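Both complexes shown next keep chain A, but they swap its partner, so chain B is in the first and chain C is in the second.
== the complex of A and B ==
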């Protein structure tokens, strides 16, 4: 187990390193000279040269790469071209906002989806099963910017049940995350974006769970569990759901990646001050240090979550340890 | 081995039938099954794949799939009518507590994500009001009985070999001292040496416990070695039922003769194996003729017209065949390969 986790951890670090390198290349391939934002062409050429030297831009590309890597590791992620704030400061605030919304969305998706999947498999071919499948597929077919807009239109503008966006009322910026979590206005505002994310993603874990439940329910060990005279509930959860969960966990890792992408749309739609929104803003205003930081941060988030999925999987499936030994 | 039949059988089954509703129509997987299992007895049920052995067990344990329906003239265990019992009462009082199962595939019958020991402990705690520690101790004792070290209880099923899993399965079937253990092909899929060891272990356990066993297998040799009485199944019905000695010294049904041919004894080295040509019936719709008639080398026109009743030809020997009078002649003919050419 420990061996396996350690190996996964090393792979995770390698992946993050690779993503950082790709970002370095990517941002140097972007059209337009990023330095234009800071170094005005109207300046004296000598001054321009001095400034380039100061930024290390006259160094050969590999030296620039080394500086870039060193800065990443030492958390010198630069300053915003727009607001001159430290990128790390901006990100540390935005990061938690994104995490909160994602956690709410994923909780709804996974808990509700898995629960529904179990019940649907249990009551196979019932109205609940068929209805659940149809509703799930309809939700999945509707992109979040449509469902989000519809929710806003009906529940906010028409019925006035929920605020139209933001994370807290204007002018009441909370001091730190604890204070934010204690604000009822925050919980009021997180409902709609969570619903939007949840509705879009819920069908995947729900249908996968249902299918793998049905598959597991046909296996010999379920028949034996029944023959043992265990309560139907115990057979369903301890034996069937526990095994069916393996399929969903594998999938959750992949889904999280997509969910981060969807996050960008939802944050923009509900003016949620998270990294998704930041990504859109910084790209639009050519704020390269911020954009670069946001991309990297989101990538690290996805990779880290995948790492945790792998660890969880190895906990859920005792056979994985053998596999890990078999690989190397 | 031989035990005089107690007046009150442990399990009494009369006219049990199972029908599956399928898209091709009702499939009568099992019909007209009647037998008794007495206390402290091994009752063997033999037959080829698809003869209804597994369906029979599933119906006894109420594990039939949704499209299967069982009805029985009588299904009595220790004097209680099982068919009248609610599912909940059956689960609580009969399953595992009274009738346990050694399933066909021990390989796949342990849940892969739980420790083997925990799965045995679970079967005890589901029915007994004792502490987990006591249940663990009991499981360790059972591991000892089947010849497994008790520290293996902490292993996962994938860490066990096929033979070890089968032993653990047998240990689990003993966990509540049931009155009856159903062993469904307990040695299938194991190599011959492991098979022999498992069988020896079952025999040793038999000497210690009081449970009766229903042993189900397609392996005539295993059944001959282990059983007190034997039923031969074909096409969902019992073709012949007799004591083990009677079945092998005085077989009457042509199918029994054919089945015996298919399993050579060690003395028959060099002789050619004789198999029964054709394949088992599909069992769609009720039987209107002897199910074996199409493959039977001794069939008459009447065999195709009506399904014969089971007739008594001895105190505890029943045959479902209209030509029992010619059995002596059949036995001689059945040994020749030319007889079985269709």
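== the complex of A and C ==
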């Protein structure tokens, strides 16, 4: 177990390193002056020259690469062209806002999705099962910006039930996360983005849970549990559902990859001050230090989540460790 | 190639197509999806002849008044935008863009994914290790942010959108097809083919490939659907091709115009098209899922 986690950890670090390198190559392929990515063209030429030397941009490309890597590790991620703030400062504020929204969406998706999946497998081929499948597939096919726009138009513009966006009322920026969580306005504002994210992802755990429940229900140990005279509900939740959960965990990795994409759209739509919105804004205004830093942070988030999914999976299914040894 | 052999191959092709037609129409939902896709393809092919106006042409009603923000009517079946563009024409012409992006990136990505999966799964060892680590790295790339970065760096061009989608999207198909290849590789008929002296190339493409085909088609449909969703999302955020009309781009213009509170028709039609097309692809893919995974069929 420990061996396996250690190996995954090393791979995770290699992946982060590789993504950072790809980012370096991409930004150096930029048409025009490669220095544009760290030095604002609006600055004074003398300052530009000094910065060029400070960032080592007149050195050969391999030296630049080493400096880039050193800056990444020492958290020297540069300053925004627009606000001149440190990129790391901007990100440390935005990061938690993204995590809050993501966690809310994931909780809704997993709890509702897994619950629905169990019920659908239980009442299989009923109207609930068939209807649930179709609704799930349609939601999956509707990109989050469409469901989000629809929710905004109906619940916010038409019925006035929810604010149109933001995380807190204008001019009332809370100090720190505790104060934010105590604000009723925050909970009022998180409903629509959470619903949007949740609706998009709900079909994945729901349909997988349903399918793997049906598979588990056909196996011998369920027959045995039934034969022992256990109540159907106990068989369903304690015996079948626990085993069927494995299938959901397997696909969690894929879901996470997409979740970050959905997050970007939802944050932009509801002006949620997270990393997704930052990504869109900085890329649109060609604020390269911020765009680069945000992308890297999002990548690290995805890679870390993938790592935890792998570890969780190996914990739930002890067979994986044997195969991992066999392969490597 | 003799005429005889050619006619035999044509016959094989025809019976193969008939088989696929049977798979798709065996289920009511996937048959529905299939005909919707055909409809969109027809609209895409004949788009310039169907659309009465140019996408960004200001239109006037019969009385000669400037037609701005008109709800659906006989003259403008899906209404007009605030700048007086005919939404029906935009919708029809955008079908072409969407299908082009979906088909190109969906097909190229499945070819890449399938080959990487087959080679990694068949050879195993070092080759497998290298290819799978590469796939892992791609799993670390957030998909939509990658497109946003690429477009921001290189410009709002359709080619870059397609390229960005292809570069990322093959990862899932490669993993899945590799797993299936490893399972098939251990079966008897592969050992027999090896004993007969078949080349690796022949074993991969003539013996293993036909066995992973249902899975491959399943992921081809997924890749097309994901490409369409991703392109629409990128366009909606303003990172699509500004010169070519697309469904996501139409919604981006709606969002920019700030008319979301009034122009429900402007929102409804591109949204319905996106959802309908992607749902159809998902429905068709469910039919192949049953072939690829026979355990599902009994349910």
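Following the convention adopted for this analysis, the second predicted complex is superposed on the first by the 309 of 328 C-alpha atoms of A that agree within 3 Å, B and C clash if a C-alpha of one lies under 4 Å from a C-alpha of the other, contacts with A are read in each partner's own complex, and residues count from 1 in each chain.
Note that in this section contacts are C-beta pairs under 8 Å (C-beta built on N, C-alpha and C of every residue); 3 or more make two chains touch, one makes a residue touch a chain.
Because the structure is predicted, anything quoted here is derived from the model rather than measured.
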| item | value |
| --- | --- |
| Fit or clash - chain C, chain B, common chain A | fit |
| Partner chain(s) touched by A:44 [first = chain B, second = chain C, both, neither] | neither |
| Chain B versus chain C as contact partner of A:220, first or second or both or neither | first |
| Most chain A residues touched (candidates chain B, chain C) | C |
| Partner chain in contact with A:230 - chain B first, chain C second, else both or neither | first |
| Partner chain(s) touched by A:316 [first = chain B, second = chain C, both, neither] | first |
| Chain B versus chain C as contact partner of A:294, first or second or both or neither | second |
| Touching partner for A:26 - first (chain B), second (chain C), both, neither | second |
| Touched partner set for A:175, first chain B, second chain C, both or neither | neither |
| For chain A as apex, the angle formed with chain B and chain C - C-alpha centres, to the nearest 10 degrees | 80 |
| Touching partner for A:265 - first (chain B), second (chain C), both, neither | second |
| Minimum distance between Cα atoms of chain B and chain C in the superposition (Å) | 12 |
| Interface residues, chain A side, partner chain C - complex | 11, 14-16, 18-19, 22-23, 26-27, 29-31, 124, 134, 137-138, 140-146, 149-150, 152-153, 157, 211, 214-215, 253-254, 257-258, 260-261, 264-265, 268, 276, 279-280, 283-284, 286, 291-292, 294-295, 298-299, 301-303, 306 |
| Of all residues in chain A, those that touch chain B in their complex | 219-221, 223-231, 234, 238-239, 242-243, 246, 316-319, 322 |
| Contact footprint of chain A on chain B as seen in their complex | 61, 63, 91-92, 94-97, 100-101, 103-105, 108-114, 122-123, 126-127, 156, 158, 172 |
| Sites on chain C touched by chain A in the complex | 29, 133, 136-137, 139-146, 148-154, 172, 225, 229-230, 232-233, 236-239, 248, 251, 255, 260-261, 264, 267, 271, 274-275, 278-279, 281-283, 286, 295-296, 299 |
